[in-house]
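Note that the chains take the letters A, B and C in the order they are written out, and that residue 1 is the start of every chain.
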C-alpha cells in the first residue's frame, strides 16, 4: 500500500432488491486527514459506510487497510472495530439503560469479566480529557442528546482507531459543541487518524475538511481537495445541475409579506414545555421561529398545535376564540404540523405511502367517514405526481423510501388537508440539497396561494430566503422579532446572542 | 404478470398458513380418504344434523376463531397480547348464567337480556385491562396477567356454585344446532362476529387507526388520533368476542365450569394470530390470517384425535407442528428459500443462454 | 480548587437508576408485609422457621424467577419454565424408579445430570429459534410449554412417586440451625431446618446476580434489552448473547425441576402448573420490566418471597384459601404494576423538569453563565 494511505476501497458495488445503491465506487483515505464524504440523500454515502463497517456485505470490490497485506474482509461491526475502524452514527447507538462508562467500554474487550472500577477510572480520564460534561457512573438516558453523542465519540476515539467515521455527528449539537467537536477532530487528525466526515452542512465541510469525495446516485463523481472546489461547484457536483434554481429563489423571496387578515393569534400561550408567549400570523405570510437548538422554537410551535400539554393562554383562529388542547383540535381549525423528528413523530413506518398520505385527512373527516379506496388511490397519485415523490408504488411501505421522499410524503399528508395555516418544523433537515430547494420553493408558492406558513430551520440562510418575518428565541423566551431590512444573517445572530435585549 | 404479482403480494402473509392447512388436509385424505365425508344423522332431539370431521373441525374451532379475531385487534393496536381471555370468558359465562337464572325461566328474551348483560359485563372487565394498558402504559401481557391469575376465582365468586346447569332447548340451539337447520349454530356465530367486524372496518377507518397506533403511537397522536381511545376500543371489541365465545362455550355443554370453560384458549388464540402471519409486535394485520390460524389449530387437534393420540398428549404433537410452521415462516428461513429459488432461476437462465 | 471540584462531581451521588428504584420498592414492601404479618398474625410468623419454610417451599419458584429475569432483561420471554419443571420432575422420578444404581451419591448425581440435561436441551432449541431464526420468543416458548407438558403426560399420565431409597434419604437431609430454633410445647428444642433446595435457590440468586453484574455476557444482555440495534453497533454479539440467555434460562428450569423433586419427590402432570406465570409475576414485582433492559435477580427473589408470603398469610388466616390466594396474587400484581408505572412516570417527569430548570438540554453551561451575570 502507498505511503500515507490508511484505507482504500476499490470498485465497491452493492445492490438491494430493485436498487443499485453503489456502483464501482472508489474511496481513499490518507493518514491525518479529514475527508468529507458528500452527496445527496440516496447518493450512497450511508451504504458505503455500512459496507466499510461490516453492517452490509458488499457484492463486489475490495477494501485494503494500512498494515494488512491484501484485501481485508469485514463481516460485522466487530470485525471493523478490531481492524481499527470506528464509527459514530447519526442516531445515537448507545444503550440508554447503561452507565456512561459502560457505554464507552462494552463490546470492546474479549475479557469475560467487567472491571467496574477500572472502567469508571478510565472513563473519567477520557471524559475529562475531552471536556465532556458527563459523569462515568451516570445512566446514559439521564444525559442530554448532545452529551450522549459526545460519549459515542469518546468511545470511538478511545478505541485507538486508525479510521474514524463520523456520520452526521453534528446534527444534534449546537455551535459551541460543534466547535468543540471540530477541536477534537483536529486533535485526532494531528495524531494521524484518518477521519471520514459525513454531513449535510456545507459550511462545516469547508471549516474542517482537507478533501472531499462526492457521490451521486451510487456512483463516484470525484475526489477533490477542498481548496480546488468552491462551495458553489460542490453543490453543482452533488446535484448534477447548475445553481440557477438557487438564484431564482433569491428573487422570489421576501415578496410575500404580511397584510392580510390575522389567521391565527395567541396570547400568553404556554405548555408544559414552553413559557407563555404571544404570536400571530396573517394570511399568506411565511414567518419563522429561530434560535439555537433547545431555545424553545420547536416547543412553541408544538404548543400552537397542541402537541404538548397546553397549560394556558387564549387562541383565536379567524378572529374567533377557540380551544386547542390536542392535535385534533388544531387540525379541525385548519392547522397542520410537520414535526421536527420525521422518524419518530412523522412517518408511520410500516404503513404504505398511500395510507401515510391520507392519514390526516381521514382523521379530519372522522373515523365514521372512511375515505374510499378509489379516492385514496387518486389522492396518492395526485400528490406523488405533484411533489415528485420517488416510490416504487403507492403500496410501498414508507420506511423503504429515502429520507427526502419520506418528508415529501408527510408534506403531502398535510397539503391534502388544505390547511389555512401550516407549521413546518425543520422540513429540510437531513435531506438532500435538491429536495431542500424544492421544499423552499413549494413553501413560497403555497404562501402566494394564500396559505400561512411557519417555517423552522437550523440553517439561517434558508429561513432568510423564505420568511418575511423572523421570531427569535433564546432560553425558551421570545427575544426579538425581525422584519424587512433587519432580515440579515448578522442581525439574526446579534439577536440570538442577546444584542437587542434591553 | 403485474396482476399475478399483486395476487402473490396480497397472499404473501397467508401463504404459509394456507400451505400448512393444505398439507394437513392432504395428509388426512391420504390417511383416510373418507376423513372429510359429511353425513346426516338424527340427533337426540330428533333433528337432522350434519356430521363428519370437517363439520366437527369448523364447529369446535368457533370459540377460538372468534377470540382470535379480537386478539388480532388488540395485538395490532397495542403490540402485546391479552392472556386473560380464558379467565375473563369464565367471568362472562358466570355473568350469563347468573343473569339468566336470576330471571327464572329460560326464554328467548331472557337469553337475549342475559347475552347483552354478559357482553356489557365482559366489556367492563376488558376495559380494566385496557385502562392499565392505554392509560398507565403497562405492557399488555403484564396488565392482563392480573385477570389471568384471578379471573376464574371471580367467576367462582359470582356464581358460588361450582357448575351451574342450564337445561333448555334454547341453550341447546345456541350451543349445538337449531331444530331444522343441520349446521351447528356456533359456525353462524363466527360468521356473525366476522361480519360485525367487517362492517366496522367497512364503515369506519378503525383499521387505519389501529395500525397507525400500533406502528407509531406518537405520530398517530400528532395526526389527531387518540391512541388511548383506540386501544380501549380494541379491548372493548375483544370483550364482545370473548362474551360471545363464552356464551357458546357454556351453551355447548349446558353447564358452566368456571375452571375449565375455554381453558388455555389464550395460548391458542395468540398462536392463531401468529400462525396467521401477523406480527405479535403490532401494526399491520390480517383478520383472515388469524381465522385461518384458528382452523389450522383445530384441524391439527382433530387430526391427532383421529390418529388415536390421547387428548392429554395432543399438546406435544401440536407443539412440534407449530414449531415447523413458525420456522417455515421465520424471516431467516424465508430469505434463505427466496435466495435458493433465485439462484435456481439464474442457474436455469444461464443454462438457457449457454 | 479545580481538581477538588472534579473529584466532587465524580463522587456525587447518582440519582437512583430505574432498576434500583424498583428494587428498593419491592424490598420495602416485602419487609413491611412480613413485619405486618408478625405483628398482626403472630403465631408462626414470629419464628425464623417460617421464613425458612417460605424458602423451602418456594425454592423452585425462586430459581425459575431468575430464569425469567435473565430473558426478560434481554427483552425476551420464556413461558416454558413451568412445563420444563413438570417434565424434569416426571422424567427424574421415572429414572429413579427404574435405575439399577444403588448408591445415593451416584443416583443423585445422575438425576441432577438428567434434570440439567432436559433443561439444556429445551434452552438450546428455544434459544436457537429465537436468536438465530428471529422467531417471536413468546411463540417459541409457548410451543416449548406445550411440548414439555405433552411429553410429561406421554411419560406417564398417572402420578409417579419416587421409591428410590437412596434418593429419599438424600431428600431428607436438612441443614439444622439450633440457635434459630424454638422450644416446642413438650420442652424439646426444635432447630430451624433449611432444605438443600432452599440453599441451592439462594446460591442461584447470588450467582445470577454476579453473572448479570460482572460478566460480559450479563452486561450484553442488559445492553440488548436497552437497545438491540445499539448493542449490535457497540460490537456485542447479539445473537450469541440472546442464545445463551435462553440456554441459561433452560438450564435453570432444569435445576428448578431437580429442586422441586427434592422438595416433593413425586412426578405429576400438574407439577408447577402455571409456574411460568408465577415466575413472571415475581420478576415484575421485583422490578423487571417486560420491555427489557431493566431488572435484577435480587428483586425477583423478593418478588417470589412477596407472593409466597401472601399465600402463607392467607393459608394461615380463616379465609377460603383457593379463592383468596388467587385474588390476593392478582391484587398484589395490580398494585405493583400501577405503583411501578406511577413511580417511573413521576421520576421521569421530575428529571425532565430539572433539566428544564437548568436551561434545557444542550446549552446548560451557557444559560447558567448568563443567569449568573445578569
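The rule is simple: contacts are C-beta pairs under 8 Å (C-beta built on N, C-alpha and C of every residue); 3 or more make two chains touch, one makes a residue touch a chain.
Predicted model only: the values in this text are computed from it and were never measured.
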{"item": "Contact-richer chain pair (by C-beta pairs counted) among A-C and A-B", "value": "A-C"}
{"item": "Greatest separation from chain C - chain, by CA centre", "value": "A"}
{"item": "Centre-to-centre distance between chain C and chain B (centres being mean Cα positions), rounded to whole Å", "value": "32"}
{"item": "Inter-chain centre distance, chain A versus chain B - centres from mean C-alpha coordinates, in Å", "value": "44"}
{"item": "Chain C to chain A touching residues, read off their complex", "value": "6, 9-10, 12, 14-15, 17-19, 213-220, 222-223, 225-227, 229-237, 293-294, 351, 355-356, 359-367, 370"}
{"item": "Contacting residues of chain A [partner chain B, same complex]", "value": "305, 307, 326-328, 330-332, 337, 339, 344-351, 355, 358-360, 362-364, 367-371, 395, 413"}
{"item": "Chain C residues touching chain B - in the complex, by the definition given at the top", "value": "77, 129, 132-136, 138-140, 142-147, 149-151, 153-154, 157, 269, 274, 277, 280-281, 284, 289-291, 322-323, 326-327, 329-331, 333-334, 337-338, 341-342, 345"}
{"item": "Residues on chain B engaged by chain A in the complex (per definition of touch)", "value": "9, 202-206, 208-209, 211-212, 215-216, 218-226, 283-284"}
{"item": "Residues on chain A engaged by chain C in the complex (per definition of touch)", "value": "77-78, 81, 87, 89, 92-98, 102-103, 106-109, 111-114, 116, 124, 128, 133, 135-139, 142, 144-146, 172-174, 176-177, 273, 292-296, 475-476, 498"}
